[in-house]
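Mind looking over this structure? Questions follow.
Letters are used for the chains, namely A, B, C, D, E and F, taken in the order the chains are written, and counting of residues starts over at 1 for each.
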């Protein structure tokens, strides 16, 4: 079945990944998937203040997900919402399994994600950007985290839902995935769908993550390999 | 004159007091008076953080009074209101005279009161529950604090106002009372009533407190005496 | 051209300055300019808590500008607004150049300004009061700060705008000025006016500041000279 | 406050003495000035010794509460400006400020000082809202009595602004005052040692652990009571407080005439 | 929790054992009591072992959202009262409380448990708003399953209040229930060591770094999933979690009949 | 910043030099890209050296302010995203962010850049509201000039969304732009040592204690001024700042054409 934008069911939207876009940050990245754009910056590891918030055996990871007021069709009021607080939490927990936090006890690592333009899949785009930004910052990681949503529209398992597909799908299932370890680090579902179908949607999303992972690696190489060669 | 619910002027509403209802708390209690239900839990004494808030010669007593959103006829928005902040203060000051706070310098004792169902007399029910919870937690006390409101409807001094009686009364006068020491630890009045009548209303409320006190002692005995016997 | 209240273009409104009006404060002052009334109080230098906010080589200056709810024609909601936060900042930066903050490392100096009645020129009235209050508190200063706004109505450069003049003027230009050092410490402008005119408006405002400065000195003498004589 | 100073104040009190030479039930000098804020519909500056408070009354048109469609709305707020005491801090109203505002509010409300029905313009649609804001200028004890006095004075002198049925002309006052029925007066007794002191200073309050505020009406009835502080009271002390509050209330009420 | 205790719990789990003697996929004793709050249109107290939660349903009339003019409005909130655990604090809802409320909400919303169109009174103007508030009384693990059960039970027993087209008579209930289409049940699997435990206790949760909540409908379909915790999951674990959730969901649903 | 570095920058300035080789009144390279956010009615990404800012314009229909019934509403906000600098923190807008937004807003408002009356749809009832949001992406000094430029560019390219008199179709733009009358340009002079530098970098700002922002119109008139920082200025410095701001303002305005 044809999709709005002419993609095949297992196609991603046009994907752009760039590393090192925020000069001030220790690491940063830009990710766009179609009309959804996320920028992420990493500051740290840096000393944790006040002291009583230090964790003695590892770094404290803070993740902020923020939609810029003009990112959506109707202006978003600045400041955190219940939705954005939940996304901060699942984003942090999607990234944590990849990071060797125990290498930096008593410090903090801050990951800031700004959604510059929103058209479905902002949390997954944010995770993709954050993961590249962490690597760009030189934080030791088990692997990159890639993230995308999938669903089922009519009879077809469909990757990277966009636009009105979010309403047409039987379910909206975002995952985050670490290809190096074959592990899922984020999984949510909204919908009404059988367990068997759900498994197939997860499998499709994992394939999508692998494609994104390739683009993430490429972006880091583009940024760092020339520098090494110099 | 007959009351809505058939009580005599100096009758309390049906009273239930139970100690030890919240397993996690150091002490806890449940109190219902008619359709008003309060649950209280005590945590502490525990170390006070941050340090600069420690009081060097006694425990810091914190009291939180909270109406659960579904406790009232019209849903209450969660979070503190001006009313609830005043009640937190008078509740704390109703309990303080009974507690040997100086036995636990530099610590904090937290008293949390949730109003689960509200039909007049929530602050007094909360104090009754909190007092039993403190005793249940083994905090050394000069005595239990009992609390109830009284008023004057027509010519009659009337105990433990409920339902529409709060509108019919000349005054709404809640007190908290420590029978062991014959001391009043909370007293408020809204209304329009002569000083002589006010004194008589206070006397009636004191008698009401003594009845509540008996039920509070009974609840603590039911909870602790069998345990001691074991 | 005649002004609403009969003043000449370079006249201030009737000015009252008093020092030492808040007994509890280390220093305080009252300033009224026509129907605009500000009261300022200074507390400090006092120890700065928490410690991590201490500045090692100078005092931390805090300035709070607050409009009292009944100060305006339409009641103001209590609490800070975006406007009042900006005024706090420019007020602090108007005062800082005058104070030897480096004499009191690790302390804080608090300047509180309450606008009791508002009819144009509240920020400048507040600065005038704050400056006297600082001197009254015995804080060592390079000089007093005087402050007033000026504008241009029709062809005339006009001092100390009030009432409907704020709408008639080509610009509203408040400054703060330190006569001892001939320095400008606050300058803002709203309007639409040529650079040449702007310079002339600044010059007029400086002349206004000098008059206010004289009244500030007088107020401090009235307060302190008799005391010294005793 | 140092223990030694507290003990000194308590010792004096037990001997029937006070640091400033007053008798147990003496008030400090009270000054009341009304109409001090031109922008307010009503205002009063009241000082009791060195304690100084301004109350301002602002009015506006609003919708009545659904359960009281024919009554105006009264709102009382208090700000403890950090200007007034080293004890006060910036930020949202403290517990103490909320309590003070609510006790002053109850005195006005329960005494029916203002005939609320007369504030109704169109039942269920439009009523006058009356905002009383209390602003502390200097805190030297007994804030509550001073605030209640300032609120009563400001309400007593307030004038309705010009209103053409559509829009209020703020700043243009009519000569019509609020529908005042009586004047509630708050008198606070502060227990120091074994004595109940009237109009305690900041230092005396520091040596006390309990006080009782009793607000009375012109007819001697009580319309509001608030016990405050972490100490207890005996019934006999409450009886005594009632007697003093009624008596001193009458004296203070005269100052509002 | 001490490392040694965590390791003990993990060791037990690997051996197929639990501290309280349950099997991997056993729930603790579940008690459901409905109608416990007279002021609420619906209410239920649910305990799972020592975990105890009350859910209350309140209704009101409001305007529909502009993009859904013919649908009622459902709002789910959760308060983690500090009364319920030394871990909970006063203040605005924590990240965990928000997540719990949103996952319970998604289960109700995505399963279409309530036929929202039947909550419309006048299209674009008036609809019923249904507030579900979740209040934790004691936290001994597995809050989410317990909360979802309490919410479903409270909604299932809720009755519309009396409404004359103008005003609601709160406190007077009709005998008309909400338009319920199905009953979503949340089952959370908590990974301890290499095992996925059902209905983990507070201690077991402390020894775990990841859990997966799967909410299922009467027809066995999944309507909500949430992975929570800082650990990862393998695909095979997710498959296993689905199987257990569907199976245990059926058992739990019977308790609501 | 280290004292030694501050002194170095000041020393350079006194000798008429800057760390990056620019002259006193040189701007860094400026890039302006418009239409970067499809969901916004107008948008612009502006970089000045390494400082990078996006401004977005969103429109909506709302009620006018009662005192200006025939004028549209302009609102300007700024977020200093913690992404953009180690100095920025999460939380509500800082004092600096509020000041920046207000100074940009005054430039737009006082220059009458937008003919507000043309934003009126039905007097007293419906007007267009224009929200300008400024989002910092990287902070390397001179945020204000960059933000004002981005706001002007975004407003200049904004297009009204489709509106049928009832409802806006967000995402569908018409080809009608805002009623623009002129282009206000902010130029900030940063005093380093005894010199007034144009377009200071983050390091140069760290070595300065005062700056002056002057916003000018196409006709050379000044529409907004803001002195910022804890240092003082002499009258002669203000005169000089005016001269530079008018001159550089003209140069920058050309970039918007």
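Definition applied: contacts are C-beta pairs under 8 Å (C-beta built on N, C-alpha and C of every residue); 3 or more make two chains touch, one makes a residue touch a chain.
Everything numeric in this text was worked out from a predicted model, so none of it was measured.
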| item | value |
| --- | --- |
| Minimum number of chain-to-chain contact steps, chain D to chain E | 2 |
| Most widely separated chain from chain E, with each centre as the mean of CA atoms | C |
| Repeat of the A-E interface, chosen from B-D, C-D or B-E (over half of contact pairs identical by residue number) | B-D |
| Farthest chain (mean CA position) relative to chain F | B |
| Chain B and chain C: spacing of chain centres that average the CA atoms, whole Å | 51 |
| Chain D-chain F separation of Cα centroids, rounded to whole Å | 48 |
| CA centroid of chain C to CA centroid of chain F, Å | 27 |
| Residues within chain E bordering two or more other chains | 93 |
| Residue numbers on chain E that touch chain B, as the complex places them | 37-40, 43, 50, 54, 56-58, 60, 77, 79, 81-86, 90, 92-93, 131, 133, 135, 137-140, 170-171 |
| Chain E partner contacts - residues on chain A that touch it in the complex | 82-83, 85-86, 88-90, 92-93, 96-97, 171, 173, 178, 181-195, 198-199, 202-203, 206 |
| Touching residues on chain C, where the partner in the complex is chain D | 22-25, 28, 35, 39-41, 43, 46, 64, 66, 68-75, 78-79, 110, 112-114, 116-119 |
| Footprint of chain B on chain D - complex, ascending | 93, 95-96, 98-99, 101-102, 106, 109-112, 212, 217, 220-235, 238-239, 242-243, 246 |
